[in-house]
Amino acid sequence: MNRDVNYNVYTDLALEAHSLAIERTGGEVQGVKVNEEQLENAKITRIEVMNEQGAQAIGKPVGIYITIESEGLKGQNRVVHDQLSEIFAKQLASLIDFDRIRPHPNLEPTIFVVGLGNWNATPDALGPQVLNNLMVTRHLYQEAPPELRKGLRPVCALSPGVLGLTGVQTAEIIRGVAQMIKPDLIIAIDALAAQNSHRLANTIQLSNTGIAPGSGIGKNRMAINPETMNLPVIAIGVPTVVHAITIVNDAMEQILKGDIFSPTEKERLRHIEQKDKKRMIGNILGPYMGSLIVSPKGVDELILDVGRIIAGGINVAVHPDITPDNLSLYL
Amino acid sequence: MNRDVNYNVYTDLALEAHSLAIERTGGEVQGVKVNEEQLENAKITRIEVMNEQGAQAIGKPVGIYITIESEGLKGQNRVVHDQLSEIFAKQLASLIDFDRIRPHPNLEPTIFVVGLGNWNATPDALGPQVLNNLMVTRHLYQEAPPELRKGLRPVCALSPGVLGLTGVQTAEIIRGVAQMIKPDLIIAIDALAAQNSHRLANTIQLSNTGIAPGSGIGKNRMAINPETMNLPVIAIGVPTVVHAITIVNDAMEQILKGDIFSPTEKERLRHIEQKDKKRMIGNILGPYMGSLIVSPKGVDELILDVGRIIAGGINVAVHPDITPDNLSLYL
Amino acid sequence: MNRDVNYNVYTDLALEAHSLAIERTGGEVQGVKVNEEQLENAKITRIEVMNEQGAQAIGKPVGIYITIESEGLKGQNRVVHDQLSEIFAKQLASLIDFDRIRPHPNLEPTIFVVGLGNWNATPDALGPQVLNNLMVTRHLYQEAPPELRKGLRPVCALSPGVLGLTGVQTAEIIRGVAQMIKPDLIIAIDALAAQNSHRLANTIQLSNTGIAPGSGIGKNRMAINPETMNLPVIAIGVPTVVHAITIVNDAMEQILKGDIFSPTEKERLRHIEQKDKKRMIGNILGPYMGSLIVSPKGVDELILDVGRIIAGGINVAVHPDITPDNLSLYL
Amino acid sequence: MNRDVNYNVYTDLALEAHSLAIERTGGEVQGVKVNEEQLENAKITRIEVMNEQGAQAIGKPVGIYITIESEGLKGQNRVVHDQLSEIFAKQLASLIDFDRIRPHPNLEPTIFVVGLGNWNATPDALGPQVLNNLMVTRHLYQEAPPELRKGLRPVCALSPGVLGLTGVQTAEIIRGVAQMIKPDLIIAIDALAAQNSHRLANTIQLSNTGIAPGSGIGKNRMAINPETMNLPVIAIGVPTVVHAITIVNDAMEQILKGDIFSPTEKERLRHIEQKDKKRMIGNILGPYMGSLIVSPKGVDELILDVGRIIAGGINVAVHPDITPDNLSLYL
């Protein structure tokens, strides 16, 4: 039996974690503030985990989590993609206080964009794919005369790979490089695991709490967050997979909690021991269950499209002179 | 609701279809002969569907289905891979009667290898990947003097793509090309959908009944088989995905048929209408359920490895002078 | 010594062939009409080879050759790329008479787009890359009710690969598939070899004379042209390589014909036998000279960009309802 | 005019630099010791630059340069590839003194393998490709009990990308990561530029002097060598390109120095000013000359093959228990 298997429901999304908490408590979640906004092509949800109580309730650190939901991510309409890039840019900008991270009143902050994930595993390749479309300027910036620098900020980027490819904890690589280049902000992009397959490829999450690579697979890896990096860290993620275990678990819950059983029966069913459920999950998914993932058939193309949307949004958010209209001039 | 969704259990594997038939009938399946052989690294099962009765019982056409099962496909041990290539070559050769397909007593038969599937969708890219490693000789053969031809047979190859990429039914493309090059045998390779996730990446199926592209997604496409091609057709497949619907269905069945209910309860549960089940599956998987697939995380690498194993096996099986030992001399 | 080596200057571009002819004859080329137009971002040259005399003079078949030259192909400005797509679409449309190729007054013609070249060799992968961005509609068209078909034409597509990958002449594959789907027009895209490295990635050539795969490497392959296909054929090409032999030859010519020698000396140098030149080329390039190509370092990215430009242009040119402004709605 | 253009003959290969020095001096090169060995499938040349005099003579730092030349790199014979892997492993091992780099008598040294180059530019992708096939063990090693560690050494790996992709000097990234993981040896792999196209894909160079990324393009980048890293650094390289400028220059030299001119004429020709030559090179290659490279058509496949050969050789050289015979058991 795979020791890394996490039989409990897992989600990287604060939005889902919050819904699950509401389900459990049956009402409001203390210490968490939620704000929703419906735009033409997207719905924005801003979840603020205000204190330790809220953090424990939803299992996510104190901080801000912004979710952009849109079916437009799935389609291939470039006009809609450009709109989503713009919406994303605005939300990203709301999480960055450029004046505060500026190293000196006359100097622009250096931004270090980290593309997490494994380029050899399609649904995990979002981070590297974003970097394929990102405007990298730090090396040009250093050589440019001040009058040409105006309107651009120094951006550098790295796709470090994953532990299995490098033999080094990803957070260690980032920290080592950060010690050399002394950035003022880290933006880390990663593919996420959702709890609900509805979320696949229709959600972008931004947060100012950082990220723990591999957390979705029950691994205890060093996080990339403001504490470990000693720097502001913004995490950007898109759910591209649901663990097969999560889906099987859901299916069982649907039956057990559905209206096909009387309240008395349900009461009894609640006592099916976790052990039984584990055994049944094992029957269905087999010994490699921990490595089985659910993803949409078109995930290869999706990663390309969402990678472009996020890269475009970062470009617009971090460079004052780049707007959605003139973005293409800079690429 | 997606009209293409197939709520019934679907499998491309005769082995699974046979097991399901045994489960249904509770005993032997008429018209089907099964023979098993255990080798050191692999188990070979030969299923012969002998007549229409057998065909209906397991839902697969009359013909021979050979299954090679081995956990070694999953590993990355090249020695084991080479052994599996050799085992596969032997089974493939058992399905080809070179003397019978020879166009003339003095001429070697031309073999047309078709790599089905979508190179832009990793788990569906097995066919194109096999062709990356196949020895293609037809053009050299035609130019070579007879004394140099000895020991090699003319092999040609095509990866036609899928309907969504070409706008043309794959079988039409194959037939059109076959009319030009007049091959004596078609070997078609495709990624398959299994019913049980245990099968993912541990099974190779060979059959002499051909293949129907897209059958796993409930599409009614023109088959590539001896009837439509007017030629012997050997199909080779490896299960790389399970439909998410299949897994959810399995999970529900595990609960409903498991030993947590009394026989009376089970009797009642049997009457849960199909409609209810569909609704619950919809709740879990959402509107895009038909496009959700379950695959192992390492499927990108797996496709590369299995593609090499199958290509090596075809090379050995079709060219008299190539043996597992000297295969590498020819690549 | 490689027997496939072509020591003479070779070019796929009518524009270059015409310049070379002018150089040789010292003046106008009979049987060839040339028309130039300067646009903001591009220069259009329309060369009409009017008769056999013109065809022999420039070594290209009778027909129309349109060249679009723009440094904008090289850059990464998406706005300029969109303009080039539009310019290209207009030139492509000028070569197609939809009313004439219509199979029936009430039926739209079927267009078969062929992406020639080898997807495993970057500078040769233009054709397959165009197909990655092409709108393929034939299969949807057949299923769509007539009122929804309006404004779109049935387009199908194939990337057949190259002889070394398939063992079949590419023209045979195309012809076989064409016999099944009965298109009314073939559009074939291929990467080209230029004579002058200035042309790399700044030129698109369109012609109504078809294409001969492998002609740049001195191979005598079956052409894909109106005669062999019994159909109108439009060829689209972009020079992505110059043969190393061509460049070495140029370098020698620069010295020999440059102003560092007196007329008498030049006269003598003209008698350097071809054999000497061959020997020197052999000294420089070695035995594999025929397989050495010159390409820009950024050719990987260039193929992606130009592939998108051409695909967008085809989409606009063949579907009446698609315009540059709404193109993205259809992708 | 491109300021980065290097009009002088450039080569990354000590073997070529040595030949050029011999040509210039007309005899032996002081301060350089050369030793050749002919094996069945390969020729080994060991060049030792013994002092500053030798370093200046050939333009390479003091140290050892080993060259393995074999036409077998080009072919696709896996048996020959395995032999080359073994030969390479032996030469690599000759450059490493494991006992000396051991951090403690009871501890195995940690080896940090760096795959330099740009994965988006095929001929520059050798470094990243080697890492695709490398056995990475550091993370397993740390978790393994001592008895299981025996026979393996901790290996970690990084493909940092290039300055244009990251905005950070590659040496800075390596140094930052090295400060975190404290390796005892760095092995850096990079694609090289040769001076002579005969060398393309038939040569592997190893040296203990490190590497300067981008040196072939006239850029002054921070080196990855024992001085900058404060660690032993072994560099491994394979020439995959020749700069187009180099080839054009060669072609001119062939003419000017060939036997078609009398000694008096040659004397005069020697005075063709560098300026004239530059102008002529500009005529032939155009303004983007600095970015034009010559490579074999099959470079995509070559990078895959050579990447496997080098990775296999590193695996054998650094892990005591891995031999060429059992290598595949570990992959």
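Observations, loosely collected:
Note that the chains take the letters A, B, C and D in the order they are written out, and that residue 1 is the start of every chain.
The working rule: contacts are C-beta pairs under 8 Å (C-beta built on N, C-alpha and C of every residue); 3 or more make two chains touch, one makes a residue touch a chain.
The shown structure was predicted, so the numbers you read here are calculated from the model rather than taken from an experiment.
Greatest centre-to-centre distance from subunit A is found for C, with centres as Cα means.
Of all residue numbers used where subunit A meets subunit D, over half belong to both copies. The two sides are thus made of the same residues. Work out the mean CA point of subunit A and of subunit D, and you get 39 Å between them.
If each chain is reduced to the centroid of its CA atoms, subunit C and subunit D end up 36 Å from each other.
Taking each chain's centre as the mean of its C-alpha atoms, subunit B lies 44 Å from subunit D. Touching of two or more other chains is recorded for residues 120 of subunit A. Interface residues of subunit D, counted against subunit A in their complex, comprise 120, 131-132, 136-140, 154-161, 163-169, 172-173, 175-181. The part of subunit B that touches subunit A in the complex is made up of residues 74, 120-122, 124, 196-198, 200, 244, 247-252, 254-256, 258, 260, 265, 269, 272, 276, 280-281, 283-286, 288-289, 291-301.
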